[in-house]
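You will see two complexes here that share chain A, one where it goes with chain B and one where it goes with chain C.
Up next, the complex of A and B:
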């Protein structure tokens, strides 16, 4: 127990270091470009430009700017939006993170639920039509980008469903209602579901041929118990190893999904601010993302020994 | 001087069967040939390459030419894939997009290998302090969303190099700069294992220099996994470009990028789905083909690893 806590502590420090390092790199990269956020504005006089630059401290030398920013980050203050003066970035991003996390969590449920289901059934019915359909779907599915799936889902749920049901059942693009969560979550989770399905099938096929599963069958245990308690529990171990990259993939994928479905999360903010050259927000979103990916990976590593008691920290 | 007695020739036939020399590639090809999905992938890639090559010299219409017919015209005899919202011929644009896809995919794989392979070789061969630095960098990188760093790099690079209409080059470089770690980690692992093998030991004893050992003895023996890794980097790069262009952050508008075409078609999707269908299908098919070929190559180069 103490070892686990020590391990978590070490990892948290490493996450903090990584986040700081990466966001510093992004900070320095973006500050190589002069304050172009204000150059897009019409009627900019040299005086007002100078006033803008002064307000954000962009007229200071770069090391000074970096020091100010780093001190702010240590206090949990990511600065102020360059476009909307007075909008503080930290509370904005915390609000948007909760939106993104909702979609991401649902997407993860779709990915793992559907992936496990397909993988387990394909393995149990190996070389039957169930297996062929599930395996072909997985082989095709993991190459289709999430934005392509999103487009097709929009066409089906937003357009055809509206026509078929005379407008009673359809997906309304936007955010604010629980019924608007599943469609984007499916689009985000589906490509990774086929990945999970392939992996589950392979590891399940290995597990159901082991001696202890044969023993469990021989003892006359019910099929449900053998599959869930003896086979699946061990088949899950390789699947858990890809959870880390999976979460990173879902976070990255959310950037495009949130833009398609008009969800006001971190991903939409990221693209909007890049296009508007609001670099303060870009750096802020990036810091959030780096921290989130780190924490997600840590969570996965903490779950790992629960599934596989042979692993200890 | 007495003539030397002729040496008695033994009266046996000395021909014995020379084992057929099998190179890495021909051996892999023999196994790959049996994998139908990989062959299908290869055929699709070949088609993609041919279309891309043709599009350099000829497309039915210029890819940028607007109003060659009524806007949103569905597929027909004159325009096989129809026309888009600006009245541009979609078939021509798909062909032009194939060229961009090939450039992005292969360019990224090459640059990424040029960075990743030497760093991996050095880290694995010299170990010690060099390895610690390179491995630290690789491990840090695994904890961050690299695609988003690449996205920022695209912007920074194009501004820094004054390439205001962003080109394929910037996208390829940004992708390679954020994705060489996979390759470096793979090569490092291979090198660590190979440097202890007898043939490397023999080369060292016969006085081979480090450079010769790295590139003549270790690198060729790690070639199989390297080819597999590079093959999987291609669809990732293609997807990255499509992702950027779809969001409007990639190649500028008249460029026939499949991602940008999907974004254009997306707005008129409910009455003209053919505009969005063509690029998304082309993109999905391409990604599928590279993934299938990659899977096939992985099995072919490493017969022990059966999935």
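Up next, the complex of A and C:
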């Protein structure tokens, strides 16, 4: 237990360092991009431009800007939006993270649930029509990018089933209704579910041929017990191994999906803030993403020993 | 009078009183009003600034003109009329001193009385904060000191008593009275602002608890980038706030999503705060006899044109110039004319303006039709379609084709700008035989480069801030104009602008028109289209409209039974 806590502590420090590094690099690179958030087709004068820069501290030397920003971050303050003056970034991103996390969690359920189900059935019914259909579906699902699936789903739910959905399941027409979550989550999770299905099938095929599973069958245990308690648990280890990169993929994939479905989450903010040169939000989003990916990977690593007692920290 | 006659008279009187009592302020019988008087509509983007001193986007102004007000406002015909002011200002004979008298009954939404000190405080802080429109106070004596941070008070502003004050200008400025009706001159509550922080802090305006104004409505809730809510101010100083009991605004980036919700009665309307429909949707509504009853198309106050670069070399005629443009000066005039004459604007409007539902062709100069300074329909000789003359002019301006080789028209990436560029490029290829590449760039990079006159030929547009020609010339066409992007310079025009700006509009309108004519005659801008505003409202929503610059006040809207 002590070892696990020590490991978690080390990893948390590493995540903090990585997040700080990522946001620092983004901070420095962003300031090299031409363009300004304050220029538009209104009466911007040199004086008003200078006033804007002064208000946000953008007229200070870059090292000083960086120091001010870092001090703010240590106090949990990511600054103020350049486009929407007065809007504080930390509460904004926390709210948007909760939206993204809802969709992401649901997508993870789709990924793992559907992937495991297809993989297990395909393995148990190897070389039958069940296997062929499941395997083919997995190949197709894995080959189609999530944004194409999203467009298909929009067509189905937004057009063919319009009378049933009234369009509210797919756009951000007042985000907050749980019925809005499944469709984008399926679009986000489906390609990864196909990957999990293929991996689970291969792993299950290997496991169900092992001696201890054969022994379980020979003991006369029920099929459900043999599959879930003996075969699946061990077959899951390679699946959990890829869970880290998979969660990362879902987090980054949300950038595309949130924009297609108009979901007011972190992914959508990421794109709009870059286009608007809202430097402060861009840095904030990167910081959040870096932290999220680190924490997601840590969570997966912590789950590992639960499934495989041989692993100790 | 007989008993019958008395009875009849009494009955008629009772009937008349009943009818009056049953009617709302706009003449709608209250029995026809829906029990839920919530006005709801979507916006693509959230408001950018909530403090009058820093506001600049049309969206912000359309929303917050319902919560703040100033000495003057514009009526439906864009005439400037008193709001908090008690009548017109007294202007000294030299045109330098304006004395404003205020109504005595004006209160902020928190009940604080509005006094001259509040106006002086509001105007001083606006000059100090230096928002995009702080230059509204540039003519006032002491502005420079405040804007430079050397002083906190413009010495030209003087309190006379609690309900009157004067503003002294450094030089006569005929347009300044119009500017006093702008948002930068709205009054804020000195007590509230100072209680929340420094005078120049703007955070108070984001918090519904401290966003105190003198308008008919008050901000009650705000979730950034998600929604805004407003409610009428109880016992508003100006009288009735209409029938609307709540205003709910949602930030919905996708126009299709907006319409989907509108069509399921989720919104009262689409169109307030400068919103529009997608091209296919506006055509669908416009072409259907039933649906078209929900759609109103009104002339807007924006002109879009082809910007030609007038740089003749490094540093000339503007310090921003870095290269010699083929379109500059007298030598470039035939090219400018050729590129303008080669455009069939009917075709452009059909394709890029969704068959005229988003914009109409610009044939009367750069100032939009309907605004003061407009030259009249078909007065721009270079806005007609004449491919034969265009080819001749091209031959004259670029006989060996070297000047128009590898030309790139640059625009900031929007669907409309892309449609315009694609159509222009195809028409120039077909009518002039010139290949022009379309280059889109993001908004921030585009304005950054355009401000430095970096593009030889580019998209330009301007939306009037108020109905005064000075708003166009001072910011677009005088030498080193901040939003010009073309580095245009004409000493004659500069001197005419100086003269016209010093006089009241009644005496200067002809000069402004003459200036507009100079622009047209020299084909300084390739005028393309004037914007059309779209308001889509259910039949049960009354008053969902506006003029070329502003939406109707929310108090003008009523929700009928449905």
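We take it that the second predicted complex is superposed on the first by the 298 of 313 C-alpha atoms of A that agree within 3 Å, B and C clash if a C-alpha of one lies under 4 Å from a C-alpha of the other, contacts with A are read in each partner's own complex, and residues count from 1 in each chain.
We take it that contacts are C-beta pairs under 8 Å (C-beta built on N, C-alpha and C of every residue); 3 or more make two chains touch, one makes a residue touch a chain.
If you're wondering where the values come from, they're calculated on a predicted model, not measured in any experiment.
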{"item": "Touched partner set for A:275, first chain B, second chain C, both or neither", "value": "both"}
{"item": "Touched partner set for A:30, first chain B, second chain C, both or neither", "value": "first"}
{"item": "Chain B versus chain C as contact partner of A:130, first or second or both or neither", "value": "neither"}
{"item": "Which of chain B and chain C A:92 touches, first, second, both or neither", "value": "second"}
{"item": "Touching partner for A:143 - first (chain B), second (chain C), both, neither", "value": "first"}
{"item": "Chain C-contacting residues of chain A that also contact chain B", "value": "36, 275"}
{"item": "Residue ranges of chain A touching chain C (in the complex, touch as defined)", "value": "34-37, 39-48, 50-52, 81, 83-87, 92, 95, 166-168, 171-175, 262, 264, 268-269, 272, 275-277"}
{"item": "Contact set on chain B toward chain A in their complex", "value": "37, 140, 143-145, 147-149, 151-153, 155-156, 159-160, 235, 239, 242-243, 246-249, 262, 266, 269-270, 273, 276, 280, 283-284, 287-288, 291-292, 307"}
{"item": "Contact footprint of chain B on chain A as seen in their complex", "value": "14-15, 18, 21-22, 26, 29-30, 32-33, 36, 139-140, 142-145, 147-148, 151-152, 154-155, 158-159, 198, 202, 248, 251-252, 255-256, 259-260, 270-271, 274-275, 282, 286, 289-290, 293-294, 297"}
{"item": "Chain C - residues contacting chain A, complex", "value": "46-51, 54, 56-57, 129-135, 147, 202-203, 205-206, 223-226, 250-254, 256-258, 260-261, 264, 266, 442-449, 451, 461-463, 465, 475, 482-483"}
